[in-house]
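Both of the next two complexes hold subunit A, though its partner changes from subunit B to subunit C.
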Partner chain A sequence: MHIAEGFLPPVHAVAWGVASAPFVVHGARSLIREVREHPESTLLMGASGAFTFVLSALKLPSVTGSCSHPTGTGLGAILFRPPVMAVLGTITLLFQALLLAHGGLTTLGANVFSMAIVGPWAGYGVYRLLRRFDVPLMVAVFFGAFVADLSTYCVTSVQLALAFPDPGSGFWGALGKFGSIFAVTQIPLAVSEGLLTVLVMRMLVQSSKGELTRLGVLVTSVAGRRTAQPADAEAVAR
Partner chain B sequence: MSRNAKINTLLLVLVAALAVIPLVFGLGDHKEEPFAGADAEAETAITEIDPDYEPWFSPLYEPPSGEIESALFALQAAIGAGVLAYYFGVRRGRRQGEARALERLRAEPDTEADADAGTVSEPRRV
Partner chain C sequence: MLPIDAAAHSSRWRRRHPVDKAVLGLGLTVLAISLPPWPGAALVLVTALAVLLGPAGVPGRRLWRAYRVPLGFCVTGALTLLVRVGGPGGFVSWAGDGPLRAGELLLRTSAASLGVLLFAFTTPMSDLLPRLVRAGVPAPLVDVALVTYRMSFLLLDSVRRVREAQAARLGHTTRAATWRSLGGLGATAFVRSFDRAARLQTGLAGRGYDGTLRVLVPEARVSARFTAASVALLATLVALTFVLERPLS
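Now for the complex of A and B:
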């Protein structure tokens, strides 16, 4: 759930916009470079964007008795690195702001910062860290997606607490309030997002070994199982 | 069912369970409006903290009813699901094609070029 239209004071709205813009521009450049250098990855990139589209349209009930939706940004961040997701996430947010009155144009900068920048980077960071310690791929993918989802809503809570500190308890009081609305609601949804991302990654491992190897997601397993699986026909044919 | 399909089904069942549990156990019953959006709750919290705050901008377009809004959300999900399905369909087709070509290659390694030419130009012969 994004910050609704008009619900950030103008100064905050502009500040978050200014903070997000360089990430989105940099992301657009790396996206264009990736597509130019590896045209064959365009389709998978489209699929990553599509995953974000599906997941952020699914408003799910949570244990707090309210509804929110996952973000779907973890998958693309793991596959194509976070800058690309800055662009794909922004496209999703624009679609929702313009057609669904969900989120908004004045809060776009803040929502991009949480969902398309911090979420993907945090998720990617956790994924890489776990992989470095030889945690199995799917476990790392789960926690990467989980953190990408949850951190997005933690940032949303911080953004609102900065804009609306509680008159009595100040920033921290407000953070507790917004955190209980966004972050706590999000925990089970982040688990769902982790599970769905693992599902899609499992399907990708089956269908797109060559691509995943090129992107560095699969490293050793292909060499070990080269002749064992028909899915490796591509590798054998070469 | 293969082991792979079993694991994938289990993942989907877990996600469904996570969504259904709050509904079944009535976890929204203590609220005035059960299972409202977290963004609407945040709006309420903002007006509690700062009763004078007025949203200074309103959406350029707002779906005129809940039905239209859910239709647009469904459209968003459908576009995403369509692209994902297309991706996996293309991949599967490509893999099957490769497997078939490989099989043919193995079956008749010498006449492979002729066989290929034959199948391609067949419709034109008429």
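Now for the complex of A and C:
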């Protein structure tokens, strides 16, 4: 869930922007270096950004019976790494603010911090940790996406609680209020996003080993057995 | 194309320079969050609405369809301010100043959203992004954003068609089938985006691609009159807020 335009007081909006800036600048510098060394990467990065944008637009059936949208941060971080996701996430959030009226420009810093920085880093950290202990790929992918989704909403709760402390119990009371509202809706959604990410990854392993190897998700020995055919995944999907 | 961008392409102010519209639209947003909500944000809200529906010529129906999204979030968020946790009233009780705080927040967010919508409904992304290079954003970043923007529409269209194909094959009849179809949809989006990037790369390589994407940007000049009028309007709003603040409080 994005924090809407004007929701945060000016000081908070600026502070979250300042907190996000080093991560985005670091990601942007590595992206610029990559593009200068390999000009063709521009198109690949653009495609990755478009994929992230479209992934966040997919409607996800929620356990409560309603629909919601995945954040896409877990899958994005596993595929493209967190520093790149900081930039792609910022671009995606900017487009969502201007093209879909989701989020906002004054709250861009806060939304970037939760969705493009903390979510990807937390999800990727859990994914890498589980893979280091030889946990199966799909289990690691599930927990990576689950943690990325949940941590995004935890940070959003903290941001809102800091901006609107409870009159009776201050920050902790407000955190409990926002956290409990999010917990009811977001824990089922985080499970849903984890499941969806596993399904997507399973199909990608079947059909796009070449791309996954290029991105470093799969090791070469596994991918070497078969060349990726883009049409395969479409056939499976249809 | 997404509805807001489609409206921006056919906007009355389409030919105006993005700086003109940024001064007005984003200026209203800044005022909405920095002035006292009453009467500051209320004045900004009325002004933004009047400009959107009047001189900018945004159809009311389209505006409402875009506006109700942030409005829904604002209302949900504001509801939490109505209650307090702990204190003499019990674990959860009504907050005494809750309605006032919620009302102020609603005023602020709805006014700020209209300011950004004024900019978004009159400025197509394709006019804005290439000009960011002149504003100091590194060209490779702008190029990535441009490719993302253009590829998003193609991918959204692909996803819509794949979803229709899945529905025609009873792919959404049961919960299990819906999940399977969704997984396929996500995987297809990934594969198609990479496939398109590879084909675009091949096509551009044949045209002497050197790493920079040159695109035609419609000619437009910053209008000193429009910008001055916008600044005057913003200054009037600030002055009115301070004049009316005491009598209306």
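The rule is simple: the second predicted complex is superposed on the first by the 179 of 238 C-alpha atoms of A that agree within 3 Å, B and C clash if a C-alpha of one lies under 4 Å from a C-alpha of the other, contacts with A are read in each partner's own complex, and residues count from 1 in each chain.
The rule is simple: contacts are C-beta pairs under 8 Å (C-beta built on N, C-alpha and C of every residue); 3 or more make two chains touch, one makes a residue touch a chain.
Please read all numbers here as calculations on a predicted model, not as lab measurements.
Novice: After lining up the shared chain so the two structures overlap, which partner does A:Gly176 touch, if you call subunit B first and subunit C second: first, second, both or neither?
Specialist: The answer is second: A:Gly176 touches subunit C but not subunit B.
Novice: For A:Pro188, decide between first (touching subunit B), second (touching subunit C), both and neither.
Specialist: first
Novice: Quick one: classify A:Val35 as touching subunit B (first), subunit C (second), both or neither.
Specialist: second
Novice: Pick one for A:Gln96: touches subunit B only (first), subunit C only (second), both, or neither.
Specialist: In the superposition, A:Gln96 contacts subunit B only.
Novice: Mind sorting out which residues of subunit A both subunit B and subunit C touch, each in its own complex?
Specialist: 1-7, 9-10, 43-44, 46-47, 49-51, 53-55, 57-58, 60-61, 95, 97-102, 104-106, 160, 164, 166-167, 174, 177-178, 181, 195-196, 198-200, 202-203, 207-208, 230, 233-234, 236-237.
Novice: Over in the complex, which subunit A residues touch subunit B? Could you list them?
Specialist: For this pair, the touching residues of subunit A are 1-7, 9-10, 43-44, 46-47, 49-68, 95-102, 104-106, 160, 164-167, 174, 177-178, 181-182, 185-186, 188-189, 191-192, 195-196, 198-200, 202-203, 206-208, 230-231, 233-234, 236-237.
Novice: Which bits of subunit C are touching subunit A when the two form their complex?
Specialist: Residue list for subunit C touching subunit A: 2, 4-5, 26, 29-30, 32-34, 66-67, 69-70, 73-74, 77, 80-81, 83-87, 89, 93, 95-98, 101, 105, 108-113, 115-117, 119-120, 125, 138, 140-141, 143-152, 154-156, 159, 162, 165-166, 169, 175, 178-198, 200-201, 204-205, 209-211, 213.
Novice: Under the stated contact criterion, what part of subunit A meets subunit C in this complex?
Specialist: By the definition above, subunit A touches subunit C via 1-10, 13, 28, 31-32, 35-36, 39-40, 42-51, 53-55, 57-58, 60-61, 75, 79, 87-88, 91-92, 94-95, 97-102, 104-106, 160, 164, 166-169, 173-174, 176-178, 181, 195-200, 202-204, 207-208, 211, 230, 232-234, 236-238.
Novice: How about subunit B: which of its residues touch subunit A in the complex?
Specialist: Where subunit B meets subunit A, its residues are 4, 7-8, 11-12, 14-15, 18-19, 21-23, 27-31, 34-43, 45-46, 49-50, 53, 55-63, 69, 72-74, 76-77, 79-84, 87-88, 90-92, 95, 98-99, 101-102.
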